[in-house]
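Residue numbering begins at 1 within each chain, and the chains themselves are lettered A, B, C, D and E in the order written.
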Amino acid sequence: MLDSAPIREPLLEVNNIEVIYNHVILVLKGVSLSVPKGGITTLLGGNGAGKTTTLKAISNLLQSERGAVTKGSIKYKGETVQGRDPAELVRRGVIQVMEGRHCFQHLTVEENLMTGAYTRRDGKGAVAADLEMVYDYFPRLRERRKSQAGYTSGGEQQMCAIGRALMSRPEMILLDEPSMGLAPQLVEQIFEIVKSVNEAEGLSFLLAEQNTNVALRFAHTGYILESGRVVMEGLAADLRENPDVKEFYLGMSDEGRKSFRDVRSYRRRKRWLA
Amino acid sequence: MLYRTAGQFKTSYKADQALFPVKQDAILLGVILVFAWVVFPLAASEFTFQTLLIPILIYALAAMGLNILTGYAGQLSLGTAAFMGVGAYACYKMVTLMPWMNPIVAILLSGVFSAGVGVAFGIPSLRIKGFYLAIATLAAQFFLVWLFEKWAWLYNYNASGAIQVPNLEMFGVYVAGPQADSLVQYYVVLAIVSVMTMLCINLTRGTLGRTWKATRDVDIAAELIGINLMKSKLTAFMVSSYIVGVAGALFVFMWRGAAEPNLFDIPLSFRILFIAIIGGLGSILGNYLGAILIVGLPVVLGTLPAALGVPIASSMVEHINVMMVGALIIFFLIIEPHGLAQLWRLIREKLIIWPFPH
Amino acid sequence: QELYAPNLAYRTGPFAATGIPLMNGQRDYMTMLNARDGGIGGVAINFEECETGYSTEKGVECYEKTKGQAIVTQPWSTGITLQVLPKSNVDQIPILAPGYGFSPMADGKVFQWAFNTPASYWDAASMMLEYIGEENLKGKKVAFLHLDHPFGKEPLPLMEKKAADIGFELLPIPVGLKEMQNQSAQWLQIRRERPDYVIMWGWGAMNAGAITEAVKTRFPMDKMIGVWWAGHDADLKIVGEDGKGYKSISFSYPVLDAPLMADIQKYVVDEGKTLSNEEEMQGVFYSRGLVISMILAEGIKVAQEHAGTAEISPSDLRWGLENLNITEARLAELGMTGMVPPFQTTCANHTGHSGGWMLEWDGEKFQKVSDLLQAEAEVIAPLEAQMAAEYAAANEPWPVSACN
Amino acid sequence: MLNQIFVAPFVDMFAAPDFLLQVLWEGLVSGILYALIALGFVLIFRSSRIFNFAQGIMVVFAALTLVGLYEMGVPAWVSVVLTLGVMFILAVSIEKIVLRPLVGQPDIILFMATIGITLFLIGLGEIIFGGENKVMITEALGIPTGSVVFEPWGGLLILEEKDITAVGVAGMLVVALLLFLNKTRMGRAIRALGDDPQAALSVGISLQTIWVLVWFIAGIIALVTGVAWGARAGVSFALEVIAYKALPVLMLGGLESITGAIIGGLMIGMLEKLFEIYWGQPILGGNTETWFAFVLALIVLLFRPQGLFGEKIIERV
Amino acid sequence: MLDDTKPASAGQTVTDIALMELQNITLRFGGVVAINDISFDIRQGEVRAIIGPNGAGKSSMLNIISGFYTPSEGQILYKGAPRPAMRPYEVARTGVARTFQNIALFEGMTVLDNVMTGRLTHMNAGIFSQALWLGKARNEEIANREIVEKVIDFLEIQNIRKTPVGRLSYGLKKRVELARALAAEPSILLLDEPMAGMNVEEKEDMSRFILDVNDEFGTTIALIEHDMGVVMDLSDRVVVMDYGKKIGDGTPDEVRNNQDVIDAYLGVAH
């Protein structure tokens, strides 16, 4: 779909990083990737592959989980981000939407969205306009604007978290599993929003996803992570055509989509493990 | 390679459930026991008994009681000292009303009273959670201390309002009171504390332990998978207060010899909480480590200037001591919020994979 | 060579305010002896402090730490005293608790190792009532404002007995340890009950609290009398002029021109060895500290003479403390005339019952406003004997000496 | 007995209404002071879920610094400014040394850390200021020290002017705080932080800034409290125990609520005084103030587990 | 059923007997009507899916079934009899087990202990026997451990048996949660979005587990899921909810072609 988007200069570069939790658990074993300016890059991989860890390493949120980048470098616009205050990164335009809908439970939906604009200095009017924009993207949020976020449904919370990130007027969003727990048409809708924001405002995305199908449809480039290593990378279109990706990530067999009923426990070995 | 677990296979679930599935742990424990039962008693001076060995054991026991409640069942308690007080006063009343009673039996029975009081003050935990629950335990804390002060029957109407441990003998040996020998008291404490530790280990690794931990971690989910929260919380209060009560009785009868009501005031509760937390919530071993640190540290710090020949006024030593304890608490919380026991666990993990870094 | 006479001091914690001047006085006296006379009988005194912060637990730790070499224990709190009292028989170390501790300790036959020289709490209570006068008490109401702690409860048995004997109404009003700074409830009660006198058994932060509340409630200051630990200059300075008329019983009195003070100035202050300051040194508590150390020093001296050696043992010191005879003449020799009344101890009488003076706050400092008052021995002695016997019975087996 | 509990106290109240008013006034004043301490707690709790036990010692520390500086010859108002400076440095150091490394740890760990801070400050404070009771520099600060006397119904009601001042200042402080929390961007950030620090970090709320700010405000509140309490009974480390009194106030009012802290403080202040005077002293031997507040809070919590004004605990699965 | 001594009722087919019937359920939170007069049944042995947009009230419905919420109106028939008001733990003891939308594992315990908690309803040794680790407590521990090990084998999580669950990745946590629910040997298993946050490979595994549980043990399953592929492939019948109301009920094919459902939820036909 968008696979042919031109590869522009890299906005974010992750260079061979290693992450250790608690001083003992080695999770990332040398991950490198780059996100081009104005591109949508997706990070695919199974559970525990290290997607979230990668995103947190970038946004410097690892520290509070007793994790640390022990090797390698991360550069945003050519400058090292390690050791910086997460808030500073937000000010410079990188914001993360965390996995698992971290909304402020006791704040109302609207207050949640407003916290997204915390670092902004461009006046009330601009913020209010963006609030309207977010409400236009997510009409459901408008309905529930006065409810405490803690009492909204899972999907509503996810929208709230994404809306909150948009409120900061970022240049780059690190989006961790936006589709998780969302109804299909919402997933579609959210990815449409990602796409339109990307196109309209030139926002770059780094998108960790399990929903490979959707992710590869919308992204320009992709990386596949397994057990803390990048095992495959390339243009989304190419990845979609790769037979292994097809079988293991898209659930397609040669005859088209497999039914979940027919899955056997025996599986072909992944080629890159060979 | 000293600490290798590889090669120690378990062939039955029974073996897997043995207390020390790793051989090295069992050896280590053996060494500690030899020290506790043989080496220390032979080597220790009166001062060591009175300021280190006996109090460390008793504090560790009290912290263990608290740990059951706070560390395992997740119910924050700031009233430990008051429950210790209940144990101590119950024991005092028993031995003065029934002087023929065996002192050890009295000590073990006194826990029953604090268990009862503990359950009563635990009832609000069914509705109140987190820090709010602390209020219930604080109410117990302040109300009970007030009661110890006002209810003259508890201290046999004596003029000072303090209780004084009479000389108590067992098989012709004084075990409590001014005439009792420190060595004897040490052995009594060690025996009781060892047995209680064993029981605690059993309780916490079995069904009840899992019930408590489930209640602690996600109480809603716990209830939804079939745990009766009321029962779980109240048994935690009961077991915890029992142990704490016994620790209180030991505290006064085997160590202090006398007690005023305000001995059981909140600073003591905090002290025990420190021990439990620095040692590690949800760990049995941690209570000992915490007690060694919190009881031992000030003693060591206090003797340090003299030993080094640095002339510092003792009040200054004390100020510095208070500061150091405060700073060390923060320090230990920072290096390992889950306590010394967790630190030990991490060291073990490192040892297991040693000499490889990961 | 030195004599190890540690002091379980408290310069920290909620009672530090009253503790510090006392500790300073005690310390300066011993420092002075060491500097001027080279100690006592030629042996220097090691007057080390072990900090307790008034905590019983720390106190016991200090006791255990020091008891190996120490010739004396100065526990400095009623709680610690109660704690170490039963151990003293076993450890055989004299406890010196001047003006505090357990009043029945006066009975030397039962409490062979404990000394509350020169006066006990019951002495204090008795003298306070005597000062007010029986005729002024009959049918009146006396509020007894006290710390809710063993210390505060000490005089109750005697007060109750006197209330019954004389026929006044005794109204005990306890102040909790946590309420020391916030006594409005107690003073509202006093306002409601309108007692004729307030007798105060306060300590540490409680005193300042009580005195400010009294001023605020407009309780007549001259009807308020404190025990000797409630007569600290700094506590009264908070209210200054408004505190005029407040009284405190005392077994000591600062005599600023006494020869001793000159020696302290010369050997301690001028040498820069004091921890005190000029203002504090003029106060009642500092000079009481001097007196307390004097008692210990005299005990050591008597013991040395008796034992025939300068390096005495704890038992020798016990003998010394049992045979103190502080006469006017001896006080003059010590340069302490007027700083403490004369008194004498015996094997059976460990208090000495020196008597005391009533001091009154004149807006700036305490003034002596009475002649020497004496406690009623005939009331106190039987009570002492009775309670001492009860104590011994409760702590069977408890050795009792015959004293002959 | 029943008469003593249910009749006599009310008869007493009726018989001496001026005295009743005095009791209520005294209760009100202590209540305000409890509330002030509780305010410091609430602010910190809201922003970080830290149950700041050190608020009590901060009160002592602030008051001692003020008095200490004044005794060194610094003019009163300059001392106030310098003391605020000290409180700011304290806030920065606490944030840097203690809070930052402990981000995201369980509540109880942070609670313990604040007890660690308390111990540290006690030791440090005693080294710097010594343990003596100090006189608050009430007059130098221009706080009136006289008293207003009314004679209602021929009785006597004494209101100390410094107490009246304390009540007034506390009131203003509360209004200011409420406006700050609910109407400003910072206020919203403070509340967000309390809910989910990770998420707050991720939207660019700087923990450092907010925490320093919050601890500094708590320091200002501590200074006000210290002056008010110190004016009543002098300043010494014994004051630290009043921190305990703030606990039931907080629980009763709700840990997150400014209004709750105030109303809780007043309720506890007045009710405990009434209970002590009319029930505690005549029937129970007095000193019921040590526990009454806790038991009262406990009873209220049984009906409202989040306190009167606390945020409802959201329970979902 | 996991017990070797009992014959496994493998290959059990869907019956017509309703295991649970929900009748006119309404649930209100203050002013919000989360569920509005919904009735449907769950038959013995079937896989029943509940789908609907976010906030439709699906989780709330599951909460009602598992006793966490009490319906404002309506009643539940379980195994043919009306279910009286019960505490959630009592409901669990009648054979209802569940997993949670936002994983609710006991983070402080190992995987093994977590799964063992699933057996708590089957364990009843007294406190003294536990404290002394004697007789009953010990035997019970071993017997239940064996059952738990079977579940662990079944779900292929042997290698993480002794790992604290806090360290697991999301997907493994979900599997552990399933294990915990299975260990209780429930009559009805409620799964709230068991496959959220998984990739296809993992969904395939999970599907296989769900189907196997259903086939081999005959456990009735009620399942909420947003992945239509999964829902359509696995379920026997589907209820569709929207804004608290029921807008469709039937076989996957019926639902797939229901215009209301397409409008409200699917967006495009699947």
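Basically, a residue touches a chain if its C-beta (ideal position, glycine included) is under 8 Å from a C-beta of that chain, and two chains touch if they have at least 3 such contacts.
Remember, it's a predicted structure, so these values are computed and weren't measured experimentally.
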In terms of CA centroid distance, which chain is the most far removed from chain A? C
For chain E, which other chain has the most distant CA centre? C
Once you find the CA centre of chain B and the CA centre of chain C, what distance in Å lies between them? 37
Gap in Å, rounded to a whole number, between the CA centres of chain E and chain B: 41
Where the CA atoms of chain D average out and where those of chain E average out, how many Å apart are those spots? 49
What whole-number Å value describes the gap between the mean CA coordinates of chain B and chain D? 32
Two-or-more-chain contact residues of chain A, please, as numbers and ranges. 25, 151
Give me the residue numbers in chain D that touch at least two other chains, ranges are fine. 126, 244, 285, 287, 290, 317
Would you please write down the residue numbers of chain E that are in contact with two or more other chains? 59, 68, 100-102, 104
So in the complex, the part of chain A that touches chain D is made up of which residues? 59, 61, 63-65, 85-91, 95-98, 102-107, 111-112, 114-116, 118-119, 148, 150-151, 161, 164-165, 168
Residue set of chain C touching chain D in the complex reads 11-17, 19-20, 148, 173-186, 188-189, 191-192, 204-205, 208-209, 212-213, 216-218, 234-235, 237-238
Of all residues in chain B, those that touch chain C in their complex: 46-47, 50-51, 146, 149, 156, 158-162, 164, 166-167, 177-179, 256-258, 260, 262-263, 265, 299, 302-303, 313-315, 317-319, 322
Which residues of chain B touch chain A in the complex? 346, 349-350, 353, 358
Chain D contacts chain A in the complex at 103-104, 185, 188-189, 191-192, 194-209, 256, 311, 314, 316
